[in-house]
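Right after this note come the structures.
The two complexes that follow have chain A in common; it is paired with chain B in the first and with chain C in the second.
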Partner chain A sequence: MSLAVSRRSPWSAGTSQARFAYALVLPVVLLLAGLVAYPFFYAIFVSFTDRVVGNDGQWIGLANFRYLAQSPAFAAAIWNTIVLVVSSDVLKLGIGLALALLVNQRLPGRGLFRSALMLPWAMPAFVAFLTWRVIYQPIGGGLNLVLTGTGLWPDVVDWLGQRSTAMPAVVAASVWRGFPFWFISILAALQTIPVELYEAARVDGASAWQRFWAVTFPSIRPVVIVTALLSSIWTANSFENVWLLTQGGPSDATIVFPVLAYFGMQTQRIGEAAAVSVAMLPVLAILVFAGTAMMQRGEDE
Partner chain B sequence: MKRQATLWRIGSYAALLLAVALVLFPIYWMAITSLKLPREIYRTPALWPHVLTLNNYRLLLDEKDFLDNIRNSVVVAGAVTVISLIVSSLAAYSMVRFRTRFRGLIGRLILFAYLTPTSLLFIPLSILMSRLQLGNSLYGLVLVYLTFSLPLSTWLLQGYFRSVPRSLEEQGMIDGLTRLGALLRIVLPLSGPGLAAVAIFTFTGAWNELLLALVLITSESARTAPLGLNYLITSDVLPWGPLMAGAVLSSLPLMILYFIAQRFMVQGMTTGSVKG
Partner chain C sequence: MIRNGRWTRRQILGTTLVGSAGLAAGRRALAAPAIVKGSKLTFWGGLIFSEKANKLQAETIRKWGADNGVAVDVVMINQNETVQKVSAAIASNTMPDALDLGLDLLLLLSRQGVFLPIDDLFDSVGKAQGGWYPAAEMATDTRKVAGGRTGLPFGITGNLLLRRNDLLTKAGFSKPPATWEELVTQCVAVNKPPFHALGLALSNVGDGNTQIGVLQAYGGRIADETGTKATIKSEGTREYLRWVKDAWDKKLFPPGNTTWDGAGDNNAYLSGQTAFIANTGSVGIAAKSQDPELFNATLYSSLPGGPKGNYSPVGPNVRAIPKSSKNPDAARALLEHLAQPEFMSAYYADAIYGPVTKAQAKFKVFDGKDAIHAGLLDLVERGTAPAYPDVYNPAFADVWDNFVVPKMIQRVVIDNWDFDRAMDEAQKQTQAIYDKYK
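After this line comes the complex of A and B, so read on.
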């Protein structure tokens, strides 16, 4: 594209033009500055104070963080968040990819399968997790009924009530609700791969396995990376799944950062609660900056 | 070779059917529990109930005033959607059509806001709202929901506006339209499916939100649907029947919307990376 110097194109920004352009974005910029940027920095400030409800508190430096470093609930939140993010994202990737590959074949009825598989995503998250809460119940829950009825597992289990099964139960429900996003993103990427590539690979004598690694995988890799990044941010900060299923219990077995911060709010120790959510900022910041860069690059391409 | 292909096909269908069954079972359980009598929920639990009843729905609507919660949700989500669409259309148009000096910076601010999670913002936002005297009100809720709806809708609309050819606008401006006129008469109508998708995403996002509502809303009369159901399970008795009735009522409008607009939504979701 050559730059037209002599003739002013209607899209280049003259002064009045620029003023108009800024006037249009101004409301969004002001609202985001006031409702996202300012609270963001304010949260960091509050985390260095001993603020409680009704008292703005004083600057106490790193005392909140020092306190958290010794708190078993905080240690549990770090570990649980890692377990939740890694295991549910790996499962969502595996299930999403497998189903996308299956639906991408020229099978009759694939449209119907696609719609059905998207249903968990169309359901509100709070509805999904409330439903799973009921399903996991020892009395009135469907899971125990199915397992004992089919003989797959003879005993009634209180899935959410015991330490060993609570986290796997939260992961399973989160995967159920979250895999469609991976499924549909990967499916969309698969559908952009030209058929000729597969035919060429077949002519060269590549096996199905080799075709996957040589043709399919490189084509979906960018989508998988962006999806993994977004999904990690969302999963690490998801509140509804843990809150509605277990409220962090039993005895912190499923406690995660947002729930711990919310408990801090409930006990009115705001400085400490803010410190909980700020404590994950370093890791989160890396993910958010990487995500911003990748999405902006994808946009400019 | 032929036999192998047939086997593969059978295997594919078997795997897909299993996946669909796993997807549908919770939805079935939600619906069926909402229609069961207490004794078929608790005492003799059954996969297929013998008696269907609307009692749970009556209980939820009459005794728990769930319709009030739904109404609050509709008001809040509706207001958030309308405000977001208007404000974001202007911003997205500016971002797509003008090369201003700070465009890159503003673009980064929007994406950054989109990716910044509510769990980081809910504490300062609750302080901010109580300072603005908007603590326990639906107005406050609408305002804080803009934190996630504005970045999302601006980001998505940029994609849709970019696909409207500039030549059409230039033509319209030669014919005497102002630039704002070109946006209203040419770009917006041509982005119709995009606007519909963005409206649904924004509405859904606000409809589903729990954490901010939990922190901000204290009075019973201002509870939204997720909040109403949340307080059902945190009470001592566990009313699975009415709870699932509420789940059905809260998801029906969205599921219907989703089926009507499925095509645009899937498109929007994959181009814009939309959280469910």
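After this line comes the complex of A and C, so read on.
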């Protein structure tokens, strides 16, 4: 009897421990299922229906996606979203990295400088982009006043009203609002690099450029990848920047997925609006998988 | 004030003051719905530009509740969020007992059978108040889609043409432009960049859709008379595009108007950058407090016409009772109460709405001394039902919400597409939209 007990005992203890562990994890699993998985899969389901406000609708297969695919705005939204995400992220990386490297030096008043650099990110998006709208205004806008006043450019430019300047104007405003996140992330990573590594590199005769590539960049790379991933997802999903500046215009010069989804919601066709959001998923999924793979490779190395 | 449908001396006096004996006769004709004392009622009111009007509505409803022993919960909601809130409330079965809403949502939800028919209430209020204005009556007719009338109109909104009378009079124009061509002529006379006279939005916002009425005035149509086949590519549309392009090439539009937000034309007018805008009248209210000089220099009229007609669409706002209401009798009584002249005359004085019944046109606020309300009355009397002469159906609303016409114009003036190419794209997109609703 005692032998039987002693044989069963370890197995029972293990099972019991496992059950206890599962019980501890269960609330989180339920929370994630309820708050993340359910809305996610439900949105995918809705995108295959003709659901409208007040009516659950019927299963209509790929009809919403077929309608979207033939829409001239859809192709423009794909291209514009890619342009906005890539150009914004490259610029945010450049500005964030440069400022982080600068502020990482022992400079007088750098604490104040750091705080000031965070202000664009702290400002509500609504206020920030409406301010940019005012800055871009053709008549009385700050940018035109500076350019014409200083003689840098003689004519008033309709920054948001012409195809050639509308997207660059949206990108510039988005970069201004988003670079502090890059700056603070990279700065945090820079501060974890041991000073000894730089001293050793100097002793080996490495130039500043070589020190950056051999010491700094490998150390901040994982942070840059995570920041790029998050920033890309946020930019791809951002609505206020485009809506408050151009409403997707002029023509289709700045139409992006979230604005397209908003138009769908305005028609009260929830299924169609969900289809726009679902259409973004493959792009975002590629970004997530690529980012995760790069981080994994970095860890392996 | 109103207790079980009986009259008080104050009510009689009040009604006399608003100058309509017919209203009084009608009041007696209304049957008082049974109200259960101690019951509860939730009302969602739509917030409008005037804080005073919002407060008056909420207080009137609360007082009605107190007088009738009904525990009233008044929630004033941003009208831009009505769709989202109603959508969520339907899904969670938490709709209020009565609510304010716009025509689009009324028609959509009436098709889903969300609202109670209130034909008797509609008829009795109309009869008591000299009859409904045709634009309000036609636009809110849900009988075909819901088997009955589901909305009780309470205010007409729509775009008026605001003009700088001071500048135009100096240039020799004392009357509002009767046609869109005349509008361009008047604009040319006062246009001096950076002052661009024609402050109409051509962007992807509601104001941009004012251009649909202009297109129709030139003979263009969104779809055929059955409301199923897109007909946007036509000689009428071509003529209209010629008008826009001509005005654009003359630099009459302020720069940036292809990306204006909902306040773009307001800001341009209030900052003295333009001579004409199409607006609901909210700009006039803003000018009254911010720039009295501009307010005094501004006159209002209904929109001009074109060679094929004059189309000034009106947008009625309505009140409705969801079928899910747990207190429909009290909700009907409240709607009836809110339709009475005592409340409506005070409400219109602060709200930027035109009247929905002919008796309301006799309210003091519409006596012509207030330029904005005079313009709104003109709009109600000369205005047309939404979409008319097109058929107002969900497909038309979809074309409206996707800004097909403003985008067609942007193809011409921004992308320099020729008229045929721009019309082809709009035609294809419109047909795809109409096909969704077959």
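Basically, the second predicted complex is superposed on the first by the 246 of 301 C-alpha atoms of A that agree within 3 Å, B and C clash if a C-alpha of one lies under 4 Å from a C-alpha of the other, contacts with A are read in each partner's own complex, and residues count from 1 in each chain.
Note that in this section a contact is a pair of C-beta atoms (placed from the backbone, for glycine too) under 8 Å apart; a residue touches a chain by one contact, two chains touch by 3 or more.
Being a predicted model, the structure only gives us computed values, none of them experimental.
Chemist: With the two complexes superposed on chain A, say which partner A:G94 touches: chain B (first), chain C (second), both, or neither.
Modeler: Neither partner.
Chemist: Check the residue A:P218 against both partner chains and state whether it touches chain B (first), chain C (second), both, or neither.
Modeler: So A:P218 meets neither chain B nor chain C here.
Chemist: If you stack the two complexes on chain A, which partner ends up touching A:A116: first (chain B), second (chain C), both, or neither?
Modeler: After superposition on chain A, A:A116 lies in contact with chain B alone.
Chemist: Is A:W132 contacted by the first partner chain B, the second partner chain C, both or neither?
Modeler: In the superposition, A:W132 contacts chain B only.
Chemist: Is A:V156 touching anything from chain B or chain C once the two structures are fitted on A? First, second, both or neither.
Modeler: Only chain C is touched by A:V156; chain B is not.
Chemist: Tell me the contact category for A:P72 with respect to chain B and chain C: first, second, both or neither.
Modeler: After superposing on A, A:P72 lies in contact with chain C but is clear of chain B.
Chemist: Identify which of chain B and chain C touches the larger number of residues of chain A.
Modeler: Tallying touched residues of chain A, the top partner is B.
Chemist: Taking the superposition as given, does A:P194 touch the first partner, chain B, the second, chain C, both, or neither?
Modeler: neither
Chemist: Hey, what residues of chain A end up touching chain B and chain C alike?
Modeler: On chain A, the residues that contact chain B in one structure and chain C in the other are 133, 137, 139-140, 244, 265, 270.
Chemist: Show which residues of chain A lie in contact with chain C when the two form their complex.
Modeler: On the chain A side, the touching residues are 52-55, 63, 67, 70-72, 133, 137-140, 156, 158, 160-163, 166, 244-253, 263, 265-270.
Chemist: Show me the residue ranges of chain A that touch chain B in the complex, using the header's touch definition.
Modeler: 10-13, 17-18, 20-22, 24-25, 27-29, 31-33, 35-40, 42-43, 46, 95, 98-99, 102-103, 105, 107, 113, 115-128, 130-135, 137, 139-142, 145-146, 149, 176-178, 180-181, 184-185, 188, 226-227, 230, 233-234, 236-237, 239-240, 243-244, 257-258, 261-262, 265, 270, 273-274, 277-278, 281, 284, 287-288, 291-292, 295-296, 299
Chemist: Quick check on the complex: what are the chain B residues that touch chain A?
Modeler: So the residues of chain B in touch with chain A come to 9, 12-13, 15-16, 19-20, 22-27, 29-30, 33, 41-42, 45-47, 87-88, 90-91, 93-95, 97-102, 106-113, 115-128, 143-144, 146-147, 150-151, 154-155, 158-159, 166, 170, 173, 179, 204, 207-208, 210-211, 214-215, 226, 229-230, 233, 238, 240, 243-244, 247, 250-251, 254-255, 258-259, 262, 266, 269-270, 273, 275-276.
Chemist: What does chain C use to touch chain A in their complex?
Modeler: 83-84, 86-87, 90, 104-105, 108-109, 112, 114, 194, 203-205, 254-259, 261, 271, 273, 397-398, 401-403, 407, 410-411, 414-415, 425, 428-429, 432, 436
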